[in-house]
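So, here come the structures, one by one.
Here chain A shows up in two complexes: once beside chain B, once beside chain C.
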Partner chain A sequence: MLWDEVQSPVFETIIGKFMEANPDIEVELQLTPWNQYWTKLDAAAGAGTAPDVFWMNVFMPKYTDAGILEPLDSYIEKDGLDKSAWVPAMMELYSDKGVQYGMPKGMDVVVVAYNKGIFDKYGVEYPKEGWTWDEFVAKGAELRDKIAEKGGEEYPLAMEIDEPQPSYLQLLVQEGLKIYSDDGLTTDLNDPKAVKPFADIVKLMDDKILPEYKILSDTKATDLFISEKAAMLYVGSWKSSVLDNASFAKNIGLIPMPTRENNHCALGGISYSMSASSKNKEAAWKLISYLSGPESNRIQAEARIEIPAYIAVQDAYGPTFQNIDGSIFIEQSKSAVKYPVHRAIATTTQIISDNAAAIFSRTVTPEEGVAKMAKEVQAAIDEYNATMK
Partner chain B sequence: MAIKNTFIKKTARKEARTGYLMIAPLMIGLLIFSVRSFFVNFYYSFTNKSAFGNPKFIGFANYEKLFHSDKFYAALENTFLYVLLCVPFVIAISLLLAVLLNKGINLTGFYRTLIFIPAVTMPAAIGLIWKWILNYEFGLLNAIIRLLGGQPQAWLSDPNYVLLSVSAVLIWADVSLRMIVFLAGLQNIPKSLYEAAEIDGANNRTKFFKITLPMLSPTIFFVTLMEIIGVFQIFDFIYLMIPMNSSGMPAARSLVSYFYEEAFVRNNRGYGSAITVILFIIIFIITMIQMKLQKKWVFTES
Partner chain C sequence: MARSQKFSIQKHHIGTHLVLILAVIISIVPFLWMILTSFKTYEESIRIPLTVWPAQWNLVNYITVWNKFPFLNFYFNTFFVMVVVIIGELIISSMAAYAFARLNFPFKNAIFIFCLSLMMVPSQIFLIPQYDLMVKAGLNDTLIALILPRLFNVFSVFMLRQFFLTLPRELDDAAKIDGCGFFGIYYQILLPLLKPALVSVAILSGLSTWKDLLWPLIVNNSMEKYTLSAGLALLIGEHTTIYPHVMAGSFLAVWPMILLYFLAQKQFVEGIAFSGIKG
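Coming up: the complex of A and B.
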């Protein structure tokens, strides 16, 4: 079971190949949109009827705690797979207390995209690699002034601040924060540094570089960029085929994120997991091992839907882009850190986005909002740890 | 006599049995999916049920949490605002349209189609189309406003407008179905009443207030009751038009939206159940009040 309709046709191909090689195994592909995916998986898992193999994301600890995922170590050992064939941060993301519960599918990075057409139209120089946050803000201000001078209607910058991953989560990581401590007992959102990313985003809105939150929650930032309404965009690699297929794709430049304390990227990604109640574990493992293996990674890379987590085939990603330069994604991934995770992440993510939304709608100041966020996240962590004892 | 009585009893019993048999499919469905769920839900509201695992009984803890939650009070307030805003407009507009249609006012097929379209359209389609119409950047409404030189607004994400926007869509969507019910009610009023009034020299106004309204009062009562219950449960248009993290959500979130977020997004099923129990109590009380009040204004022929 998977959730992405863009990737579904590619998976038809991959699974077709798998069944050709394994004629005794019948695989049925099930597409469940993101909005219903977790609800459906929870219900099915609760009733012991979860699919044999399904996509898993960083919500994983919730499922390992409920005993729904099959540990994969014995299978990996039996097949003699070398774990170092995959990007270590991704393998680590899907292991829990030293047990591997998922095999990496690929990885998500965030970069900045810019529309060269808009930059040229207003006579603004393209950004240069190695830029800092201040240079990034200055670029936005220059665009704003020149657009206003000529009576243009474009926004200098768009950012999906309605989601953590392609926006403030990266800025938090770039302040040097870990969000969750390694022992899973505390959060460092109460660090004074945690306020800065939110204050900076509000300031971008104050300075009319970034559109107001009411505009960004009405229209996705990526849609603004794709309709040439925004000059720059913080964008996730999972949107790369959308960028590459845009009518003005030849004019899209990509560049790593500007440096704050650092310009690390919180590396997200999906894995394949097996249901612990599967009746066909051998076949399920064969499928997982094929899906996370080189051939499947190559097909996905060539279809531009995923940056391979399987290191040997990473070269396949990039050349197949017709317009944009996909190598920037690989470059950004090199300075990446593991996505901040916690066992209660399904709950804490919601708390963080709720409070972020209040800050961006200006119902609370960044200081108040982050203080409340830190308090509630800590409370959720404590509550989770208490119930698990 | 005795023989006749047993005969009647026998047929009556036979008839009753057939009757029960006829309604059995519906009743079994109701018992399993409504009545049973109602009690199960009531029980869950006293537990810490989450996505998996066995629920633990925790007494009134969910309710206590609920009564200390700002989000709950905001959702409660929004829900009442929806009811106060939508119900009068739906009733007034659908009644007006029904009276006009009943008069045989010559509406062309085009206008009739316009009026009936919402009744045969899926809520999902309505929600998605209006989401586009009301969009800040690319929406039709703002395009018109810009053309007229006005100030475009973020209808679905500005906290000042979002409740009005959702209400407008709900009113638009609900009017046609309610109107059909009113139209049926109007056509049951005997023509002779109007003829008699005309002989007595009554004008149109008097006829409307002295004949139409009283004769239609049972229908008005029924429609109002259904509409109030319906609006209290408002969810679909909010869900379809406003993303959960939108800046408009706090001003648009209804009790059912809050229930959905808690029960299905955050997996606090027990807490979610408590929200629905509160909603049930509110609707129950308001319906009881209406049942009492109706004796004062609803006209019954007997």
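Coming up: the complex of A and C.
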């Protein structure tokens, strides 16, 4: 069972190949929309009719706690698979308390995209790799001044600050924060360093480098960029084919994110998990191992739908783009950490985004907002741990 | 004299018409926007400032969406489920309503109140138990699973019972004297008088069946068993939604309803006006 309609034709191809190689196994593809996927999985798992293999994301601990997912370690061992063939951060993301519950499908990386057309128009030099946050802000200020000088209407920078992953979550990670401790008992959002990313984003808005929150919450930052209304954009790899298909795609440059304390990227992504109540576990494992393996990763890379988490075939991702340089995504992923996860992530993510929205709309100062955020996240963690005891 | 009278009527109508025209514009703009967007390219659909007219009027989005999904199955499933639910619900609800309104049996009012109290429970609560029942009956991933839970609708029973109560008992007595049994009174005497109410119930249940989204998605797995609304929801992505595809799909999904409305406009308006006044 999967949730992305755009990817389903590619999956039909992949599953066709799998069935050719395994004529005794018949695979049926189920497509469920993202908005109803989790409700459906909950209902089906409760009745013991969950699909044998399904897509899983960072909500995973909820399902391992419920005992719905089959531990995969014994299968991995039996097949003698080498776990280091996959990007470590992705394997780590789908293991829980040392047990592997999912095999990575691919990964989501965030980079900076820039519109060379706008840079040329105002005579600003393109950003160079290895840039720092200060250089990034300076580039934004230079763009702002030159655009104002010529009476242009473009924004120097756009960022999807209404979502954590392509914006402040990366900046928090780049401050060296983990957000959730490894034992899942505390948060480091109460660290003074946690205020800085939010304060920096507010400062970008004060300095008229980034549009106000109202504009960015009404209009997707990526849409601004695609409409050539923004010169730079923090963008997730899940938008890569949208960038590549843009009418001005030849003018789109990609570059890794600027360095703050570090320039790590928190890698997100999907995994394949097996239902613990599956009646065909051997066949289900064969499918998982094929789907997360090199051939399937290569097909998805060539279809531009996913950056391979299988390291050996990552080269396949870059060349498939007609206009943009896909290798930047791979490069950014080299300095990566796993996406910050916690067992109560659905609740805590909501808390973080609500408080971030309050900061960005200037209802509260960054200091107040982050303090409240840290307190509420800690409370949610404590509450979850208390109910699970 | 006649002239000024005519003028005053028109003047009186101008205000009404202005309000109505405004309401029409407000309600029709989303539909027009849907149709315009269905012809745009993806880039045009997200462009800022908004692009009103597509540069090229081509049907490519329609063709893509049509080829992507088994639309003929969607149409058949949606219509089939709707028609069976309407017929089944009318029969069951009107019989139940008749029993609650006219017959006497032990605990009649207690049972009726119990049924009514079900209306206060949010329908989501029933989702998982209903799914469990369907799985245990081996009915998940069938069209029957879409029909069965909808056949008994408390609201329809309640509404029809109120209508039965408004009909004079003398009719029953007269029929009884002429030798009519309970079923005869129900079927031959009272039901024909209830036609407008039955039309309202049919419209309400037809519309809600047509629109139902969560249940068909939960209980059915194969795309061949999806309804139009469930199929459409597949076009909404987690990260990227190709709006022109969604809009083309939406148009393919709503035109039968629009057509049906034009064909049966009179019944629609009467049915809703009837229930609006009395229900």
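The criterion applied here is as follows: the second predicted complex is superposed on the first by the 389 of 389 C-alpha atoms of A that agree within 3 Å, B and C clash if a C-alpha of one lies under 4 Å from a C-alpha of the other, contacts with A are read in each partner's own complex, and residues count from 1 in each chain.
As a convention for this text, contacts are C-beta pairs under 8 Å (C-beta built on N, C-alpha and C of every residue); 3 or more make two chains touch, one makes a residue touch a chain.
Predicted model, so just to flag it, every value in this text is computed and none were measured.
Taken together through their common chain A, the two structures put chain B and chain C in a clash.
Within the superposed three-chain model, A:A246 lies in touch with chain C and out of touch with chain B [touch as defined at top]. Of the two partner chains placed by superposition, only chain B is touched by A:A66; chain C is not. In the superposed model, A:N22 lies in contact with neither chain B nor chain C. Of the two partner chains placed by superposition, only chain C is touched by A:E5; chain B is not.
By the document's definition of touching, of the two partners only chain C reaches A:P33; chain B does not.
In the overlay built on the shared chain, the residue A:T219 is in contact with chain B and with chain C.
In the superposed model, A:A45 lies in contact with chain B only, and not with chain C. By the touch criterion defined above, A:T259 reaches neither chain B nor chain C. In the superposition on chain A, A:S227 makes contact with both chain B and chain C. Only one of the stretches 78-86, 132-140 or 150-158 belonging to chain C has C-alpha atoms clashing with chain B in the superposition, and it is 150-158. Judged by the document's definition of touching, chain A residues 39, 42, 46, 219, 224, 227, 229 lie at the interface with chain B and also at the interface with chain C. Put simply, chain C touches chain A in their complex at residues 42-43, 46-48, 68, 127-128, 131-132, 135-136, 140, 213-214, 217-218, 221-223, 233-240, 242. If you check the complex, the residues on chain A that touch chain B are 39, 42, 45-46, 62, 66, 68, 162-163, 212-215, 217-219, 224, 227, 229, 346-347, 350, 353-354, 356-358, 360-361, 363. Across the interface of their complex, chain C is touched by residues 1, 3-6, 28, 30-36, 39-40, 42-44, 46-49, 51, 219-220, 223-224, 226-227, 229, 236, 238-239, 242, 245-247 of chain A. For chain B in complex with chain A, the touching residues are 51-53, 135-138, 154, 156-159, 243, 245-250, 264-267.
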